[in-house]
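Each of the next two complexes has chain A plus one other chain: chain B in the first, chain C in the second.
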Partner chain A sequence: MSQRDADSFISKNEREFILKALGEDVRLDGRRPNDIRKPKFQFSLDDRSATVAQGSTRVMAVVSAALEAPYPDRPSEGPLRFNVEFSPMASPAFEPGKPGEDAIQVARLIERGLRQSGAVDQEALCVVAGRKVWALRVDCHVLDHGGNLLDVSFLAALAALLAFRKPEVEVGGESGSEIIVHPPEVREPVPLTIHHLPVAVTFALFQAGDVLVADPTWKEEAAAAGSCTVVMNPAQEVCCVHKADGIGLSPEQFMRCVRLAGRQAEEVVAGLKKALEGHEVARVQARVRRHQQVPGLPAEGRHVMILGAKDPAGGAAPAPAAASGTAPAAAAKKPTAAADDVDEDADIDDGTDEEEEAEREKAEDAAAAAGTGPAGSSGRGAKAAQAGEDEDENMDDAGAVGKQQGGQKPKAKLAGPLVKPAGGKAGGKAAGTSPGAGSKRGGGATGGLQANKRGKDNVGFDELEAIAAVIAGVPPGGPAPGEPEPSLAAAVKPGKGRKGGGK
Partner chain B sequence: MDVDKAGPGPGSARSRGRLPAQLRTLVCERAVLDRADGSAKWTQEGSSVLAAVYGPRQAKLQKEDAERAVVEVVFKPRAGLQGHEDRSLELEIRGILEGVIPLGMFPRTSVMVVLQVLQDDGGALSCALNAAAAALVDAGVPLNSMFSSVSCVLTSDRRLVLDPDASEEQAAAARFCFTYPHHFDLTQAAPAAAAPATSASADDAAAAAVVGESVLGTRCVGAFSSDELLDAAALCRRGCERVAAFARLSLAKSLQAAGGS
Partner chain C sequence: MAAAALGKVVGPGDRVLDVPEQGTLRLSAGLTTHDGAVTSLKGGVLKSTRTGQLFLEGRQKRYIPAEGDVVVGVINDKHSENFTVDIGGPFNAVLPQLSFEGATRRNRPNLHPGDLVYARVVTAHRDTDPVLSCVDTAGRASGFGHLKEGMVLSCSSALARQLLGSPTAPVLEALGSGLQFELAVGLNGRVWLSAPTAATCVVVANAIAESEFRTPAQVRTMVARVLSRLG
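Showing the complex of A and B:
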């Protein structure tokens, strides 16, 4: 047995054991034939890569974008290329060098499922038609081969595209001769336009096509007689089908595949969305940290990030419900008079794009109960007051309040103000998390709210920076020489945030 | 060379107030992959490299050597295809590993080390070498000595700064990466340890990392004087002591965890 066959070689005993177990509806790892392994997602903070682990299969996808001239026959579309590499670390059978035919087949399927099905909007990548477009390239590195590389690579590519943020671009000059690409510190990078979320589900076929096994492990793949892949989205639309080699399928079995794939697609997409939400929180925390270290930015912060959109107190705890829970408790000390102030601002409505909406959603989740966030109704302010009266700040109470807020979220989203008046949010954040500067916090928060009232355009970056510095417990000039920078993450742990501030 | 000058001040612009001779936060995870014989993920704050080791296993006929093991290194960048820079890094890493693995012990076999850059924020080569060291230990490949690697840069005002991040590397006049072998002197009893103990509390004697005098490998890019080179070598050697101490600690912890304590 040479190394090249390490993945396809399986002993007769093992093969018979797998088949026998399938006869009793059981698989080697205890799953039922239709169960897929639950994928775990991990995103990088530079908005460029996603790693998906499904069982012991691990794939990392990295998105890179470059401004290039478009193809002459598609002048207003940005190209989207996929490259899948079976890294030699994934299996003893993979060899270094150019991708083999298996890797190319996986790349081709991902392209059919994500690009040709119209999932990624390529026209949105156009900057100057005919001259400059964003050319995206997705590299999928297979890190560990535990079976079903196609599905996991597909999911990793999709997750990376969803997490990717391209820099904001301004076109100026006559006939678009000047293109300014803004770095992420100056202008918030923009997510891609993705129309639907296709998910690939692969089935291994046994027993002359009678037995279907979803999400096979590599041993099951080696023992299988054939395979079939269906790419579907949660709206139950079939995007792509791949049935190329191996044993044939009867039409009934094929329809069964399609139905099962539809169900799995819903579950997988739900898990992916949840993971992305969690990642959003971490992203904003990182953004705050980044802005604290970049002092020389322009003072008119009109287009500058939505500092404090995610309450870092919300980010520290793992679950969003718990996150919104800590914020109400943490901000409970804040005088509820502030709630009245902010209700006035609830009238400001913004036509915002997706990202800002999503961010506002988060902010409401995390900081809403404080009453400083966009309070959709004074009912929320009342809840915050209740939480304030409740001296016993345990997580259960706060969690319950948080869940109620979560329920009201959809309504509050439209009435929400904030966004550009980032001072208001920063004020909310200050309320949530000050680790020590009690009196300053009050000042910072009211200062922030007043900035909110002054109007969107008057929020200065210095102000935001000062607020951020206060939150981190750092004197405005920067950390004292020799002192290590106080870690924002440490400062915002729920326990510390609550106890430390405002007594 | 005033490496211990406190920052940040107007003179030192390191982000987050890191001292010029201060390393970034190190994290090492072992046994990360399922199929590989040994694997490790080494993170230096913004830079992260995943290393996997297969071997010693049967070498392919064209590549085998009748008298010694053959070391193959694959270095994969984060995005895009492998370029010339990556191939040259492969050659260098291979040179270092050939010095450390007792090749004569395993004729006709191959040891394959695959390195995948997960994130690159400066010092990727050092990160990769450290990851390779941890992965080799995880795979149980015998080694003549452990090794650790650290990068430093010469800033435009001719100051040496250890463990640079990407922006510091870009702005540097010269970049250095040194790899030193190290071993632990277990013959000294804890209270009598001459060298400063690097691990705080340990069941075994707090053995100090003894970093060798001779360099296993070095990669220098840029224009610098010979004095600056020697200073960089000395600075990196100090850095390697700390990396060595961390590697030992992390190995001890992961063995404890694996041993089900």
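Showing the complex of A and C:
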């Protein structure tokens, strides 16, 4: 077993007790010998890190990416490095400083299991072969040591890699060899390509290998005669095996480990997938919420206008996936709030209301039709958003959120032509003004998406003026900006509080 | 005034209460005076001991020894005149070989590294090794000494204090009515348990650990459920 200094030295009594209890098929925390503690996952909203807690063991893994030159012997692969640190807050036995032997051993196992097994596609990290590749670095910090650091660190690294999103990169530009990295506000970042999901399962060995204890706590590890780790994926493929020190295992005993590990791997991966789904929902909702704040806030204030890519009427787009389902739900709430604003300020913007109505009808159709090709009004709105991007951060976020929403159903939204299903319109009307406002924004949003993809070269000067006016809180005067702008102004109502925004 | 502040949750550096002009305030772990006010050195809840000393109780992984504490320690080393004992504090403690009942220079205690002992802290200063003793002030063993067999449960010092306090902690009362076990509680967050079967030990240990944040009523219900399952 790994070295233990005085701080984590267990007494003879405990050692004997653990063996005696195993003789009665009982473990210190009441588990059975083959039970593992159920891992709990927590993901950060900045798409970079994951924390896994299994019992009292907690490990946080953070992924960072940088564009670097590749190794000369692997010109089209992005390097993937793992680093594990045992934080002194995890256990009195850990000292601050460089990672010791144990930490390096854990890092090495994670590397074998995730990189050498081909779980992470390194070729997908290539940007320009031989010149620029994404170099990924995964740092695992052990926050609390309750035993079995190997398994939990491995799982944390895998979860972080699954949750990680790398910025989208475009190679081109005028000279054709420029690399443009788009910030997340401009283009939705992309997940990594992960081929399979390996999971590490460690067994502590007692009684010359006859007794296997899965997912040992630190006392069990200290009392054990040896340990064995098997890394497997739910497809029952053994990715790697770690049998470093302690007593040996016979082939039958080893096959028992493998069988048990296979079963555990399935359960753990199922739990991980479920947690990731939940995180996806939360992630989308967080971005939607962020873009909903009071427009009067300085600099970071985001306009609501280009949100709600889905037609909240819901009729046109059933949205089967739960994840995209909540996004429209969230989007639907915003239009409601915005509609409130609109109603409040009806007395101020009398003249524009009728125009708004008319606009909403049109926008509804545009949005209901999978909101892709925003012709006419929505198109202008899109360009306005696009212009905003150049001009003002506000628009960036609006466009970005549009992108975010568009990202919910990317293919469906972008591919479809502009179609006007009657159902969508009727649905929209039935729901009243709110869906109209929402879908208007939806049109704008996805239009923004399109506009961005086209490039930043079709922004008219008058739209810039209109946007500037909107931001300044002055209703844009004159018909020059075109139809959508008054609606935008009316809908956004900068400087006025939003009711119920963000929920 | 001090009584009013009891149970207050404070952060490090907070002004807990003002030093009264008259009367005495006895401060213990985690409190100090600064600018005429009692300030906290760490985060925690303000409590007072039976003897009236004010101290701050906060959750921490590392135990800080204080005089008069009873602790469960693991013997690390045997020297000619004393044992080195790990009590989970910043320094290993020293337990003189003669601090056992009936121990003389000829008749030394038969303890080896890895053995568990129940001892009391005789002296504890911030920067020195604490000194333990396995006899009480009168020279009798009164429960101290070598602990044989059993298991050790790690818990917070807050729970340990609760288990040692009077009236008897509800979880111990409830468990004691149905199961037979003995325990030695160390304020360093270690509780030694022994029972006829390992399963009973495990049940008791888990019940005690679970009872930390529950009300007495919840504890009683939980223990009743556990006992009924055991049959």
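Just so we're on the same page, the second predicted complex is superposed on the first by the 278 of 503 C-alpha atoms of A that agree within 3 Å, B and C clash if a C-alpha of one lies under 4 Å from a C-alpha of the other, contacts with A are read in each partner's own complex, and residues count from 1 in each chain.
Throughout what follows, contacts are C-beta pairs under 8 Å (C-beta built on N, C-alpha and C of every residue); 3 or more make two chains touch, one makes a residue touch a chain.
Computed from a predicted model, the values in this text were never measured in an experiment.
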Would you sort A:F9 into first (chain B), second (chain C), both or neither based on which partner it touches?
second
Which of the two partners, first being chain B and second being chain C, lies in contact with A:P92: first, second, both, or neither?
both
Looking at the overlay, what does A:R137 touch: chain B (first), chain C (second), both, or neither?
first
By residue count, is chain A touched more by chain B or by chain C?
B
Is A:D46 touching the first partner chain B, the second partner chain C, both, or neither of them?
first
One more residue to check, A:F17. First (chain B), second (chain C), both or neither?
second
After lining up the shared chain so the two structures overlap, which partner does A:G30 touch, if you call chain B first and chain C second: first, second, both or neither?
second
Can you give me the overlap between the chain B contact set and the chain C contact set on chain A?
89, 91-92
Note which residues of chain C are touching chain A in the complex, please.
61-62, 74, 76, 86, 88, 92, 112, 114-116, 147-152, 192, 197-199, 201-203, 205-206
What residues of chain A sit close enough to touch chain B in their complex?
3, 44, 46, 48-49, 51, 56, 58, 60, 62-64, 83, 85, 87-92, 96, 137, 139, 141, 143-146, 293, 478-479, 481-485
What does chain A use to touch chain C in their complex?
6-7, 9-18, 20-21, 23-24, 26-30, 89, 91-92
For the chain B and chain A complex, residues of the former touching the latter:
6-9, 15-19, 33-36, 39, 50, 52, 54, 57-58, 72, 74, 76, 78-81, 112, 114, 116, 118-119
